[in-house]
Every structure is written in structure tokens, then in C-alpha cells.
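Labels run A, B, C and D following the written order; every chain starts at residue 1.
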Amino acid sequence: MTESQIVLEAKGITKQFPGVLASDNVNFDLRKGEIHALLGENGAGKSTLMNLIYGLHRPDKGEIIVNGKTIDIHSPNDSIAAGIGMVHQHFMLIPVFTVAENVMLGDEETKRGSLDRISVAKKINEISKQYGLDVDPNALVGPLPVGIQQRVEIVKTLYRNAEIVILDEPTAVLTPQEAEDLFRIMRDLTTRGVSIIFITHKLKEVLAVADRITVMRAGRVINTVKPSETDSAQLANMMVGRQVILTVDKKDHEAENEILKVEGLTVRDQRDLETVHNVSFSVRGGEVFGIAGVQGNGQTELSEALTGLRSPTSGTVTIDGKDLTGKPPRVITESGLAHIPEDRQRHGLVLSYTVADNMALCDYYHPPFSSRGVIQPKALDENSRKLISAFDVRTPSPFVNAGKLSGGNQQKVIVARELSRDNVKLVIANQPTRGLDVGSIEYIHSEIIKMRDRGVAVLLISAELDEIMALSDRIAVMYRGQIVAVVETKKTTREQLGLWMAGAHVQSA
Amino acid sequence: MKKFYFVMALLIVASMVLSACGASAPTAEDCTKEEVFCVGLVTDVGKINDKSFNQSAWEGVQKSNTDGVADVVQFIETADAKDYAKNISQFGDAGYDVIVTVGFGLGEATAAAAATYPAIRFIGVDQFQAATVPGVSGLNFPEDNAGFLVGALAAAMSQSNKIGAVCGTDVVPPVWRFGEGYKAGAAYADGLNGTTTEVFVVYHSDVGFDKTFTDPEWGAQTAKSMMDQGADAIFGCGGLTGNGAVTAAAQAGAYGIGVDTDQYLTLPEAAPRMLSSAMKLITPGVADLVAATKDGSIADGNVFGAAGYAPFHDLDGDVPAEVKTMMEEINAGLLDGSIKTGVSPVKP
Amino acid sequence: MQEEKQSNSLTRQILQSISNAGLVPFLAILTAVVLGGIIIAFVGGNPFLAYRGLIEGSFGSTKALSETAVWATPYIFAGLAVALAFKGGLFNIGAEGQLAVGAVFSALIGYALPEWLGVDLPTIIHLPLAILVGMLMGGLWAGIVGWLKAYTGGHEVINTIMMNYIALNTTSFLLNGIMKDRSPTNVIARTPLIADSARMPAIFDGLRVHWGFILALLVAFFIWWLLNKTTLGFEIRTVGLNPDAAQYAGINVKRTIILTMILSGALAGLAGAIEVTGLNYRHELGFSIGYGYDAIAIALLGKSHPLGIVLAAFLFAAMRNGATRMQFLTQMPVDLISMIQALILLFVAADAIIRYIYRIKAKGERVVLTRGWGG
Amino acid sequence: MDWKRFGFIALIIIVLFSVVVMVGQAKQPPLLIVTSMLATTIAVATPLTLGALSGVFCERAGVVNIGIEGMMLTAAFFGWLGGIYMFNIFHLPPSVSIGLGVFFAVLTGALMSLLHAMLSITFKVDQIIGGTVINILAVGLTGFLNRQLFFGAGSVFGGSVPSSAGVLPTIHIPITELFSSVCGTSATCLQNVQAINRVFDQKPIAMGAVLLVFLSHYILFNTRWGLRTRAVGEHPKAADTVGINVIKMRYANVIIGGMFAGLAGAYFTIESVPSFEPLLTNGRGFISLAAMIFGNWTPIGAWAASLVFGASQALLINMQIFRDVIPPQWSFLQESYIVGLTPYILTMFILTGIIGKTTPPAADGVPYEK
């Protein structure tokens, strides 16, 4: 790779948020036609840096130079004008608008005051053809699959003639195959002179696609390296700041009797679309049963149906021999379920409650936490002190609001509450480590394995294939609401699972 | 915090400076004295400037002031019915000589206050007494007579033989009497002239009690509907709601008929087409009773004020001589009792 | 030793938090009053005389104090009604209608029940029954909205507004029709007087303040206890703060929403029932106009805390009650009071304005009261 | 287009009209009843339509507005007051005074909505509370000024309400003149033409409201402004990332909404009747809000819903006019308390989602935080 001209340079960028130094004198540069990966843990400051470059926030200090000119970025307008485009981790698309409307928003073409949808559609078709991004300009965005939505986002940047494209965690929602497809598109773009900043926390992807890698940690740039000069272990070390054990310490464990049995389960989502079709599987005590799959293939609805948050339209759910189909969450919990929910802030915690209250969120109604309908604060207090020390929750006191804790500690509050219950027979953990730092991830993984070793059945749902492979004894793959394969972890490979996740079940299953 | 004190000081100074500019209102502290004759008025739930009975009664009190009868006049608006007694006692405790209470709603509170303050004369407007209440003079009006008169007039003047009335809620007896009197009057005129007049009477009753008199937009729309059906004379009976109707009628070129006072004078927008008004003269009625209190000629029990019809003003030329004669005869008949409206005092 | 120290600092913390919580509302009131004074002066009135009238009229004598307590009684109940709903994540604009419904049915039991049964009831049965029925009807009235919210997602703000109009029309219909006082001298829309056995006695002879006022204070304490010390309160607050987490925690969210609305409506209905049994001894259309909106202001001013509500209710009661004296002294219209109250509400709601004027730093988190229309 | 909803709306209007025709045909020809009702419906719906448009603009941009009632009331007062000032103090000709009155009303609406925008966008006050503040403030302010300016010695106008400059004139559309020749000598035909003409003889604000409905619909769904407005109300962050100033768009739309509410206020005191009364809007702002939801946040839908409410009012008026000929089994129809409930019950019914789900803009009521 020849050293080409620098198109974007960030110098000494510093940004202070209340309580966090999110960006600490960061220097970063991007060359024409390269893919420059920005690697780091959650909260390392990657997205903050990009938001500063894109103009969503303003840096406290530092300058941004595009094509050799220092530019003053007040809003995305300025960065768009400078040829910068960004594909956000959470797509910035309006579901009730069509593709064309989404693409033109902010840079509309009009004819006599009226939106010129036709010429925009034409332009979109041209871009689609040129870069192999197949999108229908007249389709509503809401119902499109995430892969396509991502393409719409990319089209959005190209429509604005972006020469620098920032991709923020673009593979989080993709299958390995879709990710491959994306990488192809990215390389395609670079050959046409587009420069790409690729933000991720996945080591493998970085090594596969990047021309250069910059590692960030705690708001600082640690180093910039070339993939050819490094390896996973070194990168992980830079990311976390210490040696990382990439595998989970897991002994073989004999599976016991069947705890969870799901038969013919069909579930509809809030839009009344059938997102889980006729799913059957079972989980035994002492095993971790992993459900792999790209986000949005029915895992959310499946776990909601299993935990009582949503009623299935048909099928049965049995826990330890008891039919619990469509029963409310409390009944299921009392039958031995511990549930680590997908979205900890939405479901798992009441952020403006204290840690102590949150630790009794599901158990407040029975002794010792209450007696005859009256809450016993003393019992709440004791319980929380016990759990805080047992689960190593870093909090100044049990009376601090849960919202004030870091993500990892919030998750520990949930894990502590759920796993400490006396009668747990089944753990359903949905994306238990998403967005957490490596330390918390390791801790939560070890807790899950501990439960398994104690003979508890564990259902692990995760979009992170590595996590699934590291923890599970058996793996099921979900694709479009169906379980397309169930295998023992030892007898499969990453590639095989990836194919299944992409829907290649007919040939292989 | 420094800023806080500064702002406070600034605000206080500002309010003091501004208040120094304004003249402070004269107080009623002299009312306890024998020689100072004070009149207080308590409104029904509503505003003093309601352009309706509260305001008319207050104008009566003011008239007694300009006439030199009363030395101090004052009013209190009632915001909630539970304050009736408290509001009356405000005047009672201050040693007022006459307290005027407006509206039937205050009847009980007035009777109770009359017992508490035997030295004070109470005038209850629109408070009909079944049995005489000591200390209270109830000022009432034969609204049905007034309605009867304009009803007969409207029927006689209508070209289309269709006339309308847009009223406030019929729950209020005076409104009921106006409206039903109007109907009866039209029928009476038909009897005289051998015509058949269709009478539309609409009472505005929905959405709350106090708003039925203050919904001019509704009045206007209702009047327009009636005119669509062919009505060419509209009687607006009931506060602002009626005013809206009369104004709409006048704009459409139909005859408008006002209520309470001679609305030719108070509704300039409708004046050119104002045929007459069904008058219920609260203002002179109140002023007369205040004067009667001062000279000692007042008595307990019901007093009936004047009701009649207003002059034709601009439309005098339109009204045929025989209609004028008819109106005079009917008025005389009502006054001497030879003609009865047949309207029950309250909606059955 | 350490425990003691901790509890000591806890007391101090609580005191601190009270003074913090009270500071902004206090300054809001102060600013509104000063602004009100400027307005009075601007239109040629004497603000000092007007405020003297307000204070004399509300606190100047035992009678004035009694009347202030009389005014405060329904305000406390209705303010609690709105606040309880706030705690449960619901915006009850319908206290007005629930109050009217409670009053109508309380009056019905009050005057008609002995007639229906053909016997005179003892006070010990009749009075509580009249109050309970009013409460229950207010609760049911609001419960409809709660049910619609829980099962159809219909937003409670619109539905309570609509229910206000329905209540207004329905009470008008009843008071003009089957429930109208048929005595020949009566001409207006009101019920007959309730039986003596359904009347709440006054606390002191010659003053109108009645036991309903004491009941209001007790209920305020009870609501505080309910919200903060019971599992039901925990459920209501959890649903209010995070319905998803509540569902996850096994709380029956739909039931809790309905229950919250019923409780809220019952408090508003109680306000109506107490007005009937303790003060007016009948219901009439002119009674209790606009209390529903005042209640929102009171709940906001009191920060949805029962103690705050009692204080805020007193403030509003004093202003409404003192208005008579103020009018007598200055002829300033009652609307002035509405304006000052709107300003207070403005400054309490937009506390950023007050914080800006007085340079007070924001503390704590923003309290989310409603979440758009989506529910 | 949401045909289920429009079908339902059309059905209700047809039912309401049919009832009146059935009852009234004993007295009047059906055509006359229908045209008269239509005329009433359109006029009564005018402030509701404008109020609903006010809500549509605010809420499409993501700001909940329950202060429409207060905005209307204040605008009605200041529009009327402005007209009176111009006419009586500056002695401008009536037509100019009336025109300026409308201007003042719209300006007042804009200022009140500016307050709402500041509260809800800048200070991030709960938007429903912001609206409540506007409503309470409006009642106090207009009541107070109405008293202070017009009542008692020392007031600006010396204690009486001066005559206003009048109201906006009816615009006559010469249908009768154009088509009377078609009728030849037939008197009934001429009557029918005149009856039809009555529907179109409306005043400027009533006519303008209908035009504004279609204009608003076009703007919202076919122009750059509309696309951006809706984007800001659906997903402000997405709009921000493509360089749209969310705060500015929200401010602008709330103020536009306020101007609509101001025009609705002008309808009361400048178009319908030339006088002001405390509380004269009588809750119509809340009905507007209901109409907006009923119409699923679209201008045309909101208009259709306003027409339903207008029609139920027209039914009430006509039922009382025809009350001597109402058959006994229909007699409840003249109970205004019962028929008066129609709009409220319909609104609650619509909110249940049985007739298609109403979907507010996704970010409606949510302050934008970067």
C-alpha cells in the first residue's frame, strides 16, 4: 500500500462530558482510499471522536483538518459540506419515510416548491448500480431488513457526495456473510477514492479489512498499527490495558434432567407479525444452551414469550415439568426462572430507584422484603449489602440511584438479583454482556458458568458468535423466526454457524 | 445568592414606584357611621361585567350613587357558590345599609344573612319568595309579559310567518319565561290576525351552566340555521348567546329583537335592524329599591319591576300603524291582567 | 456509634432535601407575587392594599382561617388525586369531572337513600356511606380511563378531558332532571338538601371548617404512607417510572394502571363527596368549578409529595379565600388570582427560569411525568 | 389514505344528517335541511379545523400542544381588542380595523405559542404541563384585562364596551346568479339553487380554513419544509445528523401552529360575532385536539373530524328547531346534554383504535437532547 495523501486529520481533540473525559488530546488521521479502523472497548471514546468530527458535538479543544484545510464544524451541515458522511450504529432512518425521502432529507431536490421524488429515485438507482447497493427508492424503510437499512444509510452518504465515510459498529447487526458483503462494498468504495473510518470492537474484522488500525482506550489513542504487524492478542492487550484471557474457563459438565421444554412455539410481535414460527427445543440442567443468530431474527420475541412478557399465539413452554405457557412473569419467576433481560435500562432496572430497591425489584412483595403489604426497608437494606459484596458491585452505597452506576455495575445489579434467588432452575440470559467493558464481561461469563456447574439450566441468547461459542454446550441457530440447526459446540465451527445464521439451512441441516 | 437579593430589591422597588403612581381606591371604612349610606352588591357566580343581570343590577346600584342616594357603593364577584355567605358577610360586617344579591342562587344565603344582620336591608334580584322573608325584598320581573309582547310583534311583522328565538338555558326561569312568553305572544297575534306563524325556540343547554349565556358563536350559528329555515325575525334571549343571534340576524337582514334593556343602544352592530327589545328593567328597579330603603318606604316580600317592549327606533317606519296599535293594546291588557300569558313561572 | 452518626446525617440530609425541594417553589411563588403586584400597580391598583386584603381575608381572623381550611379541603384531596396519578405515570386532567361525579352521587345517597329505604339512617352509617359512594363513583369514572389506557392504549390526557365534558353534561342532565330539587320555590339546577344524618359536623361552633379538613390531612398522610411504605405504592411508582421494568418484575402493569386511576379518581370523588357532606349539603352546578385545573397546579407546586400538596393547597386556598377581602378593599377582579396562580405554575414548571433569575444550580434528575401520546 | 377512517367519518356525518332530514322533512324540504346543515357544519367546524391544524403543525414537529384552547382564547381577546383600538382610538376605517384585528389575533397566537415553544423546547418542561400553563394563563389574562380595560371608572374605555368595527363580511359566491337561468321559470329549481348557494356563502376565515387544510396537507407531505417537519417529529436525531436544525424547525412549527390557533381565535370575535366574553372558546380548543387525533395527525383527516363535530352541533341546533315534530321515540335527540356528548364519546371511541390505530409522530412530546 502506497502512502497516499491525508484527507482528514484530527489534532489534539479534547472533549469533556459531565464526569467523563471522553476524548483526551486525541490525534487521528485518514488517508485517501484507505480503511482505517478505530478499535476500542465500549466507552473507549470511539463514537465520541466520530461525533466530534461529524459535528454532532463540539470539541473543547483541538482542530479538524480536511484536505489540508482546518475547518470549523458547528453542525453536521459543515461536515457534510466538507464531504464527510457517517453511518451511525443506531441507524438514523425514519421508519415511516420511504428510502428516497430518507436519502434526500436535509438535501432535498424540489421542483416548483414540491419534492422531486422522481429525480431523487433516479439518482438513488444510479448510486445503487454503481456500488452494488441494491435498494428500492420507493420502499418504506420501517419494514426493510437491517442489512438493507444499512445500505440505505450508505446511499445517504454517497448521495451527498461523501468522500470520507464513517461506519460506526456496522457489523453489530449483520451475519458473518452479510458482514463479508459489507466489507466487499467497503473495498469497492475505497477503489473509487472514498476513504473509510471503520469503528468496531471486533478484532477479527479489523484484521480482515483494515489498512491501518488505531486503538483507543479511555478516551485516549493507544497506538496506530498495521494489521500485518500485529495479532489479536496484542490488539486485545492494547484495548483493555492488560492481558486478556480470550477463552472462558469451562470444565466439562454432565447435563442432567430436562428443565426447559419448548414445543411448537409461535409468537407475534407488536406489529402483529409472526416473528417466531413453530420453535421447539429443550434445555437440560447443567448445560448452557446458546441461541445464535443475527439480531432481529425473533430472539427478542422468543425470550419475551419464555419469560412471560409476551403471550405466544401457539405452542407450549414447560419449566421443570410445569406448563407455563402464557403465564405472567411472576408465576414463571416463582417457578424458578432467573431472567437477565436484553435491555437492562428498559427492562432490568428502574434507574431512579436505589440499588437496594432494584435488588428487590422482583421480590419486593414477599417476606422478608414485605409483610402484609408493607415494605420492610431493613430487609431491603440487608439484602442489598449482602449482594453488593457477593457480586462485587461498585457503588458508593446501596442508596445510590441505579442510574448513577456504570453499565457494567448496572448489569451486575441485575445479575446479582436474578442469580441470588433461592430456587433458580433456569437462567435466561439475553445479550448479557452487550455494551460492557471486558472486566464485566469476564465476570458475568464466569457467573453464568457457575450456575451451569451448579446444575442450573442456562439459555443464552446472544448475537456475539464468540460469546455463544465460548459459553455454550449446545448451540441453536435462529434464522427468520425458526431454529434452523441445533448442534453441540464441539462439533461445529464458526463458519458453519455463520452459514446457518445467514439462512443456509436447507443444504446443511 | 447576591444576584437573588439584588433582583428581589429591584422588584420590590419597582412595585413600590408603580404603586405610588396609581391612586389607591377609596375604602368603605365609613360605612359603620350612621350618616354614610352604603350599598354593596354580591354577584352570582360570574362576572360583574357580564352585560347581563349582574351588570344591570350593578348599574342600578351605581345609579343610586350618582343620584346621590348612596354614598359608597361596592361589589364583590362570586367565583364559587360556596362563597355566597362569606361574600355577603363582607358587607354585613362592614356595616353596609343595603346589600343587593343577584340571582336565585343566592336566595338561601341572602335569607340566612338577613337573619344575621337584621339592621341591613337585602334586595334579592330574581329571588321570588314563596313566603315573605323578613329583611329581604325580592325584585322580580314578569319576563313572560315582555316575551309575549315581542312574540306578538315578531309574528305580526314576519313576512315568512316564521320567527325564531335563541335563548340561554331554560333552566333559568327568567329565560324560560322569555322564551315561552314569546311563543304565547306569537300565537296570540296569530289569533288576532288570522295567520299561522311557526315559532322556533332554541335553548342553549349543553356544556355547563354558566357558559350557556356566554356563547355568542353558538347563538349566531343557531340564528343562521333558523334563517335558513325561513325565519325572518330572531329574538335573542339570554346574555351574550342571544346577542350573537341578534347580531347574526341583523347582518343577514332579518329583524333582531333584543332582551333585558333596549339593545338598540347596547348592540350597535345590530342597531339598524333592531326591531325592538323585550325589556326587563333591572337597573331602574334596583335603583328604585335602594332609594325606597333610604326613605324607609321599602317592604319585605316580592316586588315586581317593569317589563315591556322597547321603541322601534330606525325601523319605526316599517311598523304599520295597526301593529303599533295592537302592541299598545296587548301591553295594556297584560298590565291590567285582561291578557294572560299562560306561562308557568318555571319550566315544569 | 457509626450507625448513630449515619442516622444523624440522614436527618440532616432529609432536612437539606426539604429545603432544596422547597427553595424553587418558594422563589416561584415570590416572583409570581411580585410580578402580580407590578401588574396591580400597572393597572392603577394598590398592590400593598390588595395583598393586605388577601392576607387578612385568608388568615386575618379565626373565621378567615376557617374559610381557608374550608377551601383547602377539596384542594388537598384533588391535589393528591393528580399527584397520585403522576406517581403512577399518568396525567389525570379529569379531577374536575371525577369530583363532580363524586359530589352528585354523594348527594344522591345523602338525600335519597332514607327515602328509598323508608327509614331514617343513623349518621354512623349514612355519612360514611354517602362519602364512600362518592369516592367509589369518582374512582369508577376515572377507572374507565384507566381501563382504556391499559387495554386500548387510549391516552389518558385526552380521555380525561373528554370525560370531564361527559361528566359536566351528565351532571347537568341529572341536576336538571331526575335529581333536581322539586321543592316549589327552587328554580335552579341543584339537588335537594341531604338528610341531617349524612352531614359532617363542623369542628367548631359557628365556623364552617368541618371534619373533612382533618380527614384531608389524614388522607394526605395515608397517601404518603401508601406510596412509600407499601408494596402497592412500590408497584404504582415502578409502573410510573418504568412500565417495562415493572412488567419484567412481575407487576401486573395493566391492573396497576387501572388501580392508580381508580385511586386517583376516588380521591377526586372524595373531594366532591366531602364538599357535599361537609359544606354545601347538596350539589349544585355552580359548585367546585375549575378545581380540576387548580389541582394540577397544586400537585406540581407540591412536587407530587403529599406534604408539599398540603402546603400548596393551603396557598391556593388562601388566595381564593382571601380574594373576597381583596375585592372588597381594592375591587381587583378574581381573575388576578388566576393570573398569579398561572405565573406560579409557570415558574414551578419551568424552574429553569427561576434557577436562572436566582442563579441556583440544578440538582437531581428531571422527573418524567408523561410520555407523549404514544403511552 | 386511511380509507377506513374516512369511511367511518363519512358514515357518521351521513347518519347525523339523515336523522335531521327524517325528523325535519315534515317541516322543510330535505335539500334545504341538508344545505342548511352543511352551512352550519362548515361554519361550526371552522375554529375546530384551525385549532386542529395548529395541533398538527406542533405535533408533527414533535411538540404536544394542549394549549390550543388558551391560544385561541387569548387571540380572540387581543384580536378583538386590537380591532377596537384601531377603530375607536386611532379612528381607522372599519375594514382596516377588522383586518388589523385579524392580524393582532394571529400575532397573539404566535406569541402564546412562542411561550409554549420556549417552555417545551428550550426549558424542556413537560409539554402537557406547558400547555396547561398556557390554558390557565389565558383565562386569567383575558379575564383580568377584559375587566380592567372595559369596566369601571378609570378604565381605558371609560367603563363601557365601545362598539367594535364589526365583523368580516360574508363572501357571496354567485352560484344562484350563474345557474338561475338553467332553472328557467321553475320556482322550486330556483329555490334549490339558492339553498345550495347557502352552503358556499361563508365568511373569509371559514373559507380560508378549508383552503388552509389542503395547503397544509400539501406542505406537510410534498414540500421540503414538510419533510423536515415530519422528520423532526419522528426522529429528531436523524434529522440532526443530516444537518437539520431540530430546535429551529420545532420553534418555527410551533409558532406556525400558534398562528393557526390565533386565526381560530379571530374567527370567534372578528368573524362570527363582534364581542368578547371570558371563556368564550368554551373548550373548543380541546375538541380541536381531539379532531387532530381523530384525523390521525393529518390536515385533511383533522378537517374531516372537525366536520363530524360540526355536524353533531348542527344536529343539536336543528333538533331543537324541529322539536315539535320529533317523533316520541327520537325525543332524546332534543336532550342537548345527551346529543352534546357525541363528540366526546366519538373521540374516546376513536382512541380505542377500533377504527384503525391512531399513530402519533414517534417523537411527539419528547424534548430533543443531543
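In this text, contacts are C-beta pairs under 8 Å (C-beta built on N, C-alpha and C of every residue); 3 or more make two chains touch, one makes a residue touch a chain.
For clarity, every value in this text was computed on a predicted model and none was experimentally measured.
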*So which chain is the furthest away from chain A, centre to centre on CA atoms?*
B
*Check B-D against A-D and say which one is joined by more contacting C-beta pairs.*
B-D
*Express in whole angstrom the distance between the two chain centres, defined as the mean CA positions of chain B and chain D.*
31
*Let me have the rounded angstrom distance from the C-alpha centre of chain A over to the C-alpha centre of chain C, please.*
46
*Between chain B and chain A, distance of the C-alpha-averaged centres to the nearest whole Å*: 73
*chain B: which residues touch two or more other chains?*
47-48, 205-207
_Per-residue multi-chain contacts in chain D, two or more chains_ = 143, 147, 278, 283, 337, 340, 362
*asked:* Judged by the touch rule stated earlier, which pairs of chains are there in contact?
replied: A-C, A-D, B-C, B-D, C-D
*For chain D, which residues count as touching chain B in their complex?*
27-28, 32, 35-37, 39-40, 43-44, 47, 143, 146-147, 150-151, 161, 163-164, 166-167, 170, 198, 267-268, 272-275, 277-280, 282-283, 313-314, 316-318, 320-321, 336-337, 339-340
_Touching residues on chain C, where the partner in the complex is chain D_ = 39, 43-44, 91, 93, 148, 152-155, 157-159, 161-163, 165-166, 169-170, 172-173, 176, 293, 296-297, 300, 331, 333-343, 345-346, 349-350, 352-353, 366, 368-374
_List of chain D residues in touch with chain C within their complex_ = 59, 64, 66, 118-119, 122-130, 132-133, 135-137, 139-141, 143-144, 147-148, 152, 154, 278, 283, 286, 289-290, 293, 335, 337-338, 340-341, 344-345, 347-348, 351-354, 360, 362-366
*Contact set on chain C toward chain B in their complex*: 27, 30-31, 34-35, 37-38, 40-49, 67, 70, 165, 168-169, 172, 176, 184-185, 187-189, 275, 279-280, 284-289, 320-321, 323-325, 327-331, 333-334, 357-359
*For the complex, which residues does chain A have touching chain C?*
307, 309, 328-330, 333, 339, 341, 343, 346-353, 357, 361-362, 364-365, 370, 373-375, 401, 403
